[in-house]
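Chain nomenclature is as follows: A, B, C and D, assigned in order of appearance, with residue numbering initiated at 1 for each chain independently.
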Amino acid sequence: MSARIRVIGKRIIVAIITLFLSMVVSFVMMRETPGNVWQGLAYQMAQSQNIPLVMAYQRLTAMYHYNPNQPMITAFLTYLNGVIHGNLGVSMLNQNVSVNQVIAAALPWTLFVAVIALGISFIIGNWLGVRMAWKRNSFLDPLMTGLSVISHAVPSFVIALVLIVVFSLRLGWFPYNGAFSFLVQPGFNLPFFLSALDYACLPILTYVLVLLGTQAMSMKSTSLAVMNEDYVSAAQARGLRESVIVKRYVKRIAILPQVTGLALSFGGILGASALVETLFNYPGIGQFLTNATNTRDYSELQGLFLFQAVCMIVANLIANVLYAYLDPRVKTEG
Amino acid sequence: MSVVVRFFTTIYYNKKALIGFILVVFFVLMALIGPLFFHFSTAIDYSARLDPPSFAHPLGTDFAGRDTLTEIVIGSQQVLSVAFWAALISLSAGVVIGILAGFIGGVVDEILMIIINLVLTIPSFSLNLILAAIFSVTSPVAFGLLLSVTAWAPLALGVRAQILSLRERDYITVARLMGLGKGYILTRELLPNIVSYLTINFIQSASGAVQASVGIMLLGLVPYSVTNWGQMLNIAINQNGGLSNPSGVYYMLSPILALTLFTFGCFLFANGIDDFFNPRLRTS
Amino acid sequence: MEDSYILKIANLNVDYVTRGSVVHAVSDVSLSIPAGKLTAIVGESGCGKSTLTTALLHYGMGQRRGAILYQDKDILKLKGEELRKFRWSEISMVFQASQSALNPVMRVGEQFIETYREHDRKVSKKAIVEKASQLLEYVRLDPKRVLQSYPHELSGGMKQRVMIALSLLLDPKVVILDEPTTALDVITQDAIFDILLKINREFNTTMILVTHDFGIVAKVADYVAVMYAGQVVEYNDVRRVFKRPQHPYTKGLIESTPSLLSNNEEISEIDGTPPDLRNKPQGCVFHPRCPIARPICSREIPAARIEGDGMVACHAYGHPLYAQESNIEKVGG
Amino acid sequence: MGALMTIENVSMTFQMKKNLIGGPAPQVHALSEVNLEIPQGSIVAVVGESGCGKTTLGKAIVGLQKPTGGRILYDGEDLYNMSGDHFAQYRKQVQMVMQDSFAALNPMRSVGQALAVPLQKLGIVKGRKAARDRVIALLESVGLVPGEQFLAKYPHQLSGGQRQRVCLARAISLSPRLIVADEPVSGVDVSSRLSILKLMSSLNKELGIAFVYITHDLSTARYIAGQGKLAVMYLGRLVEFGDLQSVLDRPRHPYLRALLTAVPAPDPDLARNRPPLPLKDLDLPDATRLPSGCSFHPRCPLAAAGRCEQEVPQLHMVGASAVACHFADMADIS
């Protein structure tokens, strides 16, 4: 068996363990926290509808299949069984909507924005980073340093707010409320696609501003480190063209740690999405999460949270597998 | 040269760190002694609502005609104390767990690493949101604790990595060979080498906690407190049409400015402080 | 000797500018390298010997002044494509850290092909592989295995031999050997120098060896240049340098080398440490450590004087007091 | 003079890390059945190529790594089976000096701190003033004069030779009986190497401290251990041991002969007229797959079919020294 496959296999096992533990966490968080969510709900119901507590519990059981007397282990196994079969439960607010449907509706929007933003900042950021390392003291340096300060020091929601005020409200260049214009017909048609792109511009720009500077600066520093390596000066001495050295020596090697960083960046977008999507009123996972939190829709919360965790795990896994394939030095230990 | 003098010399020669230091000190002072000079009054004066900056109200007024500057100053106390507690708790937890994992090693390390990796994969802002909603925290300590639930993990990972690499250094081996105990090695040989890392991370954690706490407040998930910067933003955006109403823009801008200046100061200060701890960079 | 010098270095200066201070890594070096011979440049770490060799290929950092004449061309005046094509095809190099001089994410074979193609686009891959295989066999490696390997899959000694084969790929006239065996064991080192000497003889390749080890110099060099604090203090035929070193630094270095063959009773070290290259001493750079320093040494920079085919830069050279004073020092030490 | 330390049949086997998914875990035999005696106040030079186990042996002697087989006796007492008190004594009496003097000193602590604090901590001197005076005396005794000038210096402000002197001062500050010096001069400037060797030699003569000098360089070994012992190691085994003078005068083991041939002599005439390397193969075998029998047999010009690849040669007295070779007597003839 090749060493690379062993490394990847190890990663997959770790991912599965993490996945299981996240399920435990998300389950325990909702059910076993002090001031139990269900308890609170029952009290609320009893009070508002003026019914005895016991009856409130009965209604809860009927509505959400929640049974307070069920031992935790049994309840967890039921939950686990549901999750394994792809059933994340039903929204507490709207009995007709399953959490799966919510995710199915929200995910494309989040992914649409996240993938484009990640792609732009990864490609441009790395390109700029290598350039800055190779051609020292160019005009890019202060610009990218400024951008990286912004991404470190300015919270994503501030960036989002500024973009909304400037580009949408004052200049009127981009729309910001929603994911597409109500004038177009959703579906596979060009107007819809263009409108979606139009509405996605500002959210994407927000994420790019958050990611680009950091990406460029970290690429710059790894590139500088690579350029100090002997093989780069040796390549110069061998009379290789500058473009070849930059492409096959500096970029090819400096990009390796950036690939693992991709998962981190994706996590950053996911984390920021609750705020950014809410501000843009963009119907992605983040906005639904915020809404569910606001309305205390616990089953939807649980489902969305678990789904985000799965996304993170998968992103990490992909980054690690990609790394194992890109770096021939991955040989024995991962 | 005494430590204090050396600190100020280093800061003086590093202009970015100096700006950062001044900003951070400015906000800390605002939080500590500001409330002595500014008194928040609940009196409502709708005739003066959402005024632009003037001599009487340097930052303008809020939706109820109250002085925005006063709200920012009073609010800084809450924002900064949440940040302080969050940074303190997550750093302490990170240091203890990181040192346990790195210094003891073996099974302890393996178990702790599984936990750390798990926490690292949890989408932390979402978790913070949910916890804030479930627990309805009110005190700064509780809020800080809530924000630390995941924030300790990267710190622990960093501390562990530092300890692991330091542990293999020859000078640690020599100290062991001289029969100097674990306590000596930890306090005299290891800690001086990670103080710089810890300080930088304390500042960065505080900055991160401010961003997260204001973000949560912005979504309106923590009990109402009209002076909190995040709550101010929430009101500005959701209730006063701060986005669409031109006169609301000053009210919205004030907390944004305060927040950004503080995090910006933290960033500059944290980046420059390494010079102070590194003996190679000491000016003789 | 007729005009058989392949390289003529004239008044070469190399400075590095770092945060507000200037490091004079090489100062006013003039040196001629005889064709087809092996010339060793000896000195301690930080004496500028590696800086000198990077100047010969005119790559990397440093501000260079002076001239390096190679077949009537001044290397330091080459630019752009001309300079790039010059590197490796005329002068190539075996690096100090050949362990890390190969691209870690490219197979060895690709690196041979890449190097050749960058200088000559028309040659077929097959022809390059054939040539590379010949060279690898010459350095006692299995071409089939090595060409398919990534650098990390080879041992240190093997990588070093790969590097030697790579350095010969374009049939250069000069090969620079920059501490080619520092990280290797004595036995491997010996074997590698046997290979290098064979190449030197059979291909008539001029070699410039940079080292700090006088033992290796004695074994392989034809000529020796001794460097101290960025300057060449002595240059001569290897036997002359060993039998009758003229510069007190050369003498000190040879005397401080423990030997397996003698009782080492007479050996002694040189006191003090090499100077800070940002802040060199006035006069002769060696005078603070020199056992026979006189007042003039701290005032005037000694001129290079001819000694046989070579040169020495010392005030004491040819001075009647020199022999006496060095004897006194020996009794005292 | 009695034995200060006796190394009996010491073996050290490292199990390479196992992967989660199968794969055989290779073993590395860093040391195999090493027997060695270190007389009081003597100098023993341990010589061999990288990977021969000399550093592992040094680590076992100073008590850093417990051997997987055999015993190490210190004053007749088993090192890894000592009472706490005795072990604390041993910790003070056996010290180590390492190759990289920069790594051996804490970059954050000045010379004064690095030396004085342990003295106080271990109760060797009482009070700051006394510690300071002692440190100054120690620094001057290793040739760092005047000592006061070095107290406030940080490691990066010293030259390699000076740092190694500080390390020696720290080692002798506990009045040890044995110092293990692992390649102490390979990181030092050529012109200063001799002075460090001289310093160790004078510490040996004046203070009676025994030295184990670990090196790959036979010439320096000869310089420092002229009156002492020489131990030659190959692939984890001791192949020749005896008084340095007599071992070098009449080398018996074919490996040592090859090594001696390879050492360059600082004399052009001698260096050019030496015989070719008496070796069949240049490259060392893989450490995880050692050859059977005598591990030197694939490279040995004397190896005889049948015996050398089957039978491990034991160390036995041939003339004045102990040699592990089936044909040690015949080696004279070749």
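Convention: a contact is a pair of C-beta atoms (placed from the backbone, for glycine too) under 8 Å apart; a residue touches a chain by one contact, two chains touch by 3 or more.
All figures in this text were calculated on a predicted structure; none of them were measured in a lab.
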Contacts common to subunit A and subunit D (chain labels): B, C
Chain pair, A-C or C-D, that carries the greater number of C-beta contacts: C-D
Separation of mean Cα positions, subunit C and subunit B [Å, integer]: 55
Geometric centre distance via CA averages, subunit D-subunit C, whole Å: 31
Geometric centre distance via CA averages, subunit B-subunit A, whole Å: 23
In subunit D, residues with contacts to at least two other chains: none
Subunit C residues within the subunit D interface of the complex: 44-45, 140, 155, 157-158, 185-191, 194, 212-216, 218-219, 221, 238-239, 242, 252-254, 256-261, 263-264, 267-271, 273-274
Subunit A - residues contacting subunit C, complex: 229-231, 233-241, 244, 248-249, 252-253, 326-329, 331
Touching residues on subunit A, where the partner in the complex is subunit B: 14, 17-18, 21-22, 25, 29, 33, 35, 37, 149, 152-155, 157-158, 161-162, 164-165, 169, 267, 270-272, 274-275, 278-279, 289-290, 293-294, 296, 301, 304-305, 308-309, 311-313, 316
Residues of subunit D touching subunit C in the complex: 49-50, 159, 161-162, 189-195, 197-198, 216-220, 222-223, 226, 248, 258-272, 276-277, 279, 282-284
Complex contact set, residues of subunit B against subunit A: 114, 117-118, 121-127, 129-135, 207, 211, 214-215, 218-221, 233, 237, 243-244, 249, 252, 256, 259-260, 263-264, 266-267
